[in-house]
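These are the structures, in structure tokens.
Look for subunit A in each of the two complexes below; its partner is subunit B in the first and subunit C in the second.
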Partner chain A sequence: MIRLLFFIFFPSLILASDMVLVKGGNYNPIFVKEKIVRVANFFIDETPVTNQEFLSFVKKNPQWKKSNAKPLFVDSNYLKHWKSDEEVGDKSLNKSPVVNVSWFSAKAYCEWQGKQLPTIDEWEYLAQFGPADNSKDVKNLILEWYSQETPKKLPNVKSTFKNKFGVWDVHGLIWEWNYDFNTTFVTGESRGDSALDKSMFCGSGSVGAADASDYASFMRFGFRSSLKGNYTVANLGFRCVKGEK
Partner chain B sequence: MKVFLLCALFFHLSLQAKDLPGDSLYQIESKWSTQDGREIELKDLQGKPTILAMVYFSCKYVCPIIISSIQNLESKLTKKNRNQTQVVLISFDPEKDTPEAMAAYALKAKLDTKRWILMTNKKEDKIRELAAALSFKYEKKGEGDYTHSFMIFILDKDGVIKAKIDSASQDKAVLVDALNKLSL
Partner chain C sequence: MKNLLAIFFLISAFYVHAGDIKGQEEAILTDAPEVPAPITRKNPTKVIVHLETKEVKKRMADGVEYLFWTFGGSVPGKFIRVREGDEVEFHLQNHPSSKMPHNIDLHAVTGPGGGAASSFTAPGHASVFSFKTLNPGLYVYHCATAPVGMHIANGMYGLILVEPKDGLPKVDREYYVMQSEFYTKGKNGQKGFQLFSEEKAVKEQPEYVVFNGSVGALAGDKAIKAKVGEKVRLYVGNGGPNLVSSFHVIGEIFDKVYIEGGLKTINENVQTTLVPPGGSAMVEFKVEVPGTFIIVDHSIFRTFNKGSLGMLKVEGPEDKIIYSGKTADEVYLPVEASMIHKEDQTMVSNELGKKVFENTCMACHQADGKGLEDAFPPLAKSDFLNANKKRAIQIVLGGKEGKITVNGVKWDGVMPPQELGDEEIAAAINYVYSSWGNKGYKVTPAEVKAERAKLKK
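So, the complex of A and B:
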């Protein structure tokens, strides 16, 4: 009965992906030497959001249809791999991660489910962990993936690896949006953090970074700082999180 | 007659909101608190050319430069042009920048509050949405301090960005030109 009432009041949650608990801990952001960030426990979607799941959202929230979404929130490539406003088209894509979605649309999806996008700290903390069975070193696994071209058809979710928390496809499938992607790491910022920029991207500058060999993290931070809220990219998707309480 | 006028007014207002261009910043639905204790939506700013910047008012270094740059920019406008332009300063520090704190700042900085609107939002995610739409970056650094972009925008009367600068050293003439064009 309680379950039924719950679904009556929160119908969107019926479609929600399964979430798993990530036990919090410390991580050392790549761009700041000797800084430890404490990340609290949080729940996260077990997999990235799929085309099928995003389609359910669009059907219930028509302002996010391809033909309705405002240019302030999405660029012209929004959901460009879909056949139409309410059809993915290629059924083999139903269970593959949705991409070509903007930060605004990803944020709206998570909010529709009573969740939010993961923060950079939550994501980077999670990104440290490779396959639960330790079959591969996480840094090598990421670099192998980064060096490959994005396939024309993205594989289904749960096609790469599961980490020790039970979270699938953290690396190897797509890049993912973060809630606070628009924090300050790029040149031209007010506090003269062009030095920060150098410490992130330049070979010589990377001496100042926490782990100069962690190119994968450098690339993630570089990619984030190049994004804009309405950008959509063919290998950029998302998943959602929820606080423990 | 009164009923007719009221209906006409409502029709006009609803038409205005619907007619916002798709790339207008005022598409973001959110409620903001101003220095005079009002609660307004972004679309309430519709109707006037606007100079807009994101700041925080306890900032000691960069934000005062942004504000003095805007004052300098205003001094280059004709009186008529200046009078029809509004200045909107948006704080990304809602904890410290309460309406009272913003009113105190406006008084101290001698800002003309007939044309200058200082505002913030208790919902941090709404501030982040606006920042994302502006490609403005900010991050809290410890107690009450932030790193952030230096940006000043000119919006047309519908909230569409017409010009911007994104560094203190950039020539502000582009902003003056944009405002002059908007006043034609």
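So, the complex of A and C:
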């Protein structure tokens, strides 16, 4: 249905990812004890945005070419794995997730498609679901990914697992941008965030955390809080979401 | 070696500000077990440190690999050497291939988080902060990014030495030794690439306890070296994350221990010093004799089952007074006679003979060997005993029944055969022959054995 709408209203977006519906629900953020957050239904890209998809965006939006993008919006490593402004170069990367993109550029891509970046709440709600076939515990899956070297060439999308909503590669392939990534309240000094008067995330297993042993989630929050909007990172990509209505 | 000698490269020499800081230099950092050369300058300066965080797959033990998170590409992190009063401009650079953001908490820093808050760095980025070295001593640094335990458990720690204004006493050799432990999914020795086990880390049950980042990193051809007569100083750190080290060098006594890495309290003649996680010690000793000295965590199963074994190889002339080496190689015969089964022993201790006599013979022949009138003949100054050595052996072995004359007195009794080994019989007879004015004949176990053989025929 959604795809059909795209074809009607955005006929140019043939390369856009398929989207799937994530049925909303409650989740307990790692950084606050006994707080339940309600997440509404939303549509999300089935996979992270690929190099090929991002290339089509850049071609249509020249202000986001490597050579044009403003330093305020992208740091000097923006798309550094691409051969040139309008070439990925290595064809084997076409279907692997685009990385080395800033928050500003990712947001622009989603908006160009009439979408937006997922919020932390949406992402964290989604992140608690492992493989649909329950072949692996989600926490172990994440910790295993942390224990592996970043490969020289990132694998294609759809190379890890699909969750019960049909969403691919939520863990085990790359980090992903969130719309409100900088609202996590983690200072660089993670141990200082454990003061009892703050209901914020603490890295060192704080008294405030919902589950101090959930290292996998701590890492995600830790990672986000190390970022700035114009940062690009070699294993940080994104995908987009859209409200149900 | 050249690098070690020329430790600081002087980039420029100008006053940074009105303080006593003079000049500026780039710190030369070293991988364990090497230590940058002592600081010779007499003034504080501006020291620039570039340290890169990198996640690298490396050897943990033979056939075992692990993704180490490092300061500078190996575990432990680079050794940093600065002087009291220096201004350190610290550049923390997180390699683009890193999955994780990292930061650094230097225990030598006075300030929130020891620099951690100012050095939180995303992959492919760098942070800069600076600090003044107010307190001399040997300090641990480590990553303090969430979750801290996992960053440390993966190898993110090292040592920074802040030399006192007047420097440390001169020694001939300095080395960098850092203990730490690793928590792998697979058991110790399980081959292949190993993943981090959060469960074992929380339970504090490591599979590996090592010096300098891997099993054998300080052993064999990677052993640290010294020459006889040299003074050695070890900068010892413990990255943990959990276990306290009972640091010990087998066959050496630490002449001096700078307790907990501080400079005010020096203990002398120490066998084992405790080094807590996130703590350090400096130990000094003069090597007096050649040989291989084993460096261990004296929580000793860690050493022999988990890897915490290093070596110091000392070359040079021997000193037999300080350590003789083996001067005798003997069979040891404990006094419990029943334990003895060796057949061909020629030297039998007098203690053994006395013991056998007391246990077996004394009840009848008496402690003074004079026997008992009308019951047991004397052994002391006995003409019968001293007349024939072989007969004496035969009687002990086979017993004696019937009439004999000893020192002119007739006896008619029974002595049962003795269930004793050859050494014991030889020892007992020797004891008797060497006591109470007897003639001092020597009987060997071989002779007893020979008589025993005759008896069986």
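Here, the second predicted complex is superposed on the first by the 213 of 245 C-alpha atoms of A that agree within 3 Å, B and C clash if a C-alpha of one lies under 4 Å from a C-alpha of the other, contacts with A are read in each partner's own complex, and residues count from 1 in each chain.
One rule holds for everything that comes next: contacts are C-beta pairs under 8 Å (C-beta built on N, C-alpha and C of every residue); 3 or more make two chains touch, one makes a residue touch a chain.
Every value quoted in this text rests on a predicted model; they were computed, and no experiment measured them.
Visitor: Tell me which partner A:180 touches in the superposition: subunit B (first), subunit C (second), both or neither.
Guide: Touch partner of A:180: subunit B, not subunit C.
Visitor: Return first, second, both or neither, reflecting whether A:235 touches subunit B, subunit C, both chains, or no partner chain.
Guide: In the superposition, A:235 touches subunit C alone.
Visitor: Regarding the shared-chain residue A:226, is it in contact with subunit B (first), subunit C (second), both, or neither?
Guide: Touch partner of A:226: subunit C, not subunit B.
Visitor: Would you sort A:71 into first (subunit B), second (subunit C), both or neither based on which partner it touches?
Guide: Only subunit B is touched by A:71; subunit C is not.
Visitor: Tell me which partner touches more residues of subunit A in the superposed arrangement, subunit B or subunit C.
Guide: C
Visitor: Once the two structures are fitted together, what part of subunit A is touched by subunit B and by subunit C alike?
Guide: In subunit A, positions 186, 188-191, 225, 228 sit in both the subunit B and subunit C interfaces.
Visitor: Flag every residue of subunit A that touches subunit B in the complex, lowest number first.
Guide: 70-73, 103-104, 107, 116, 179-186, 188-191, 193, 225, 228-230
Visitor: With touch defined as at the start, can you tell me which subunit B residues reach subunit A in the complex?
Guide: 22-25, 27-28, 61-62, 125, 128-129, 131-133, 135-139, 147-150, 166-168
Visitor: Please output the residues of subunit A touching subunit C within their complex, sorted ascending.
Guide: For this pair, the touching residues of subunit A are 75, 77, 143-150, 175, 186-192, 201-205, 213, 215, 218-219, 221-223, 225-228, 231-236.
Visitor: Which residues, counting only subunit C, touch subunit A once they are in their complex?
Guide: 55-57, 67, 96-101, 103, 105, 112-113, 116-125, 144-150, 195-196, 198, 202
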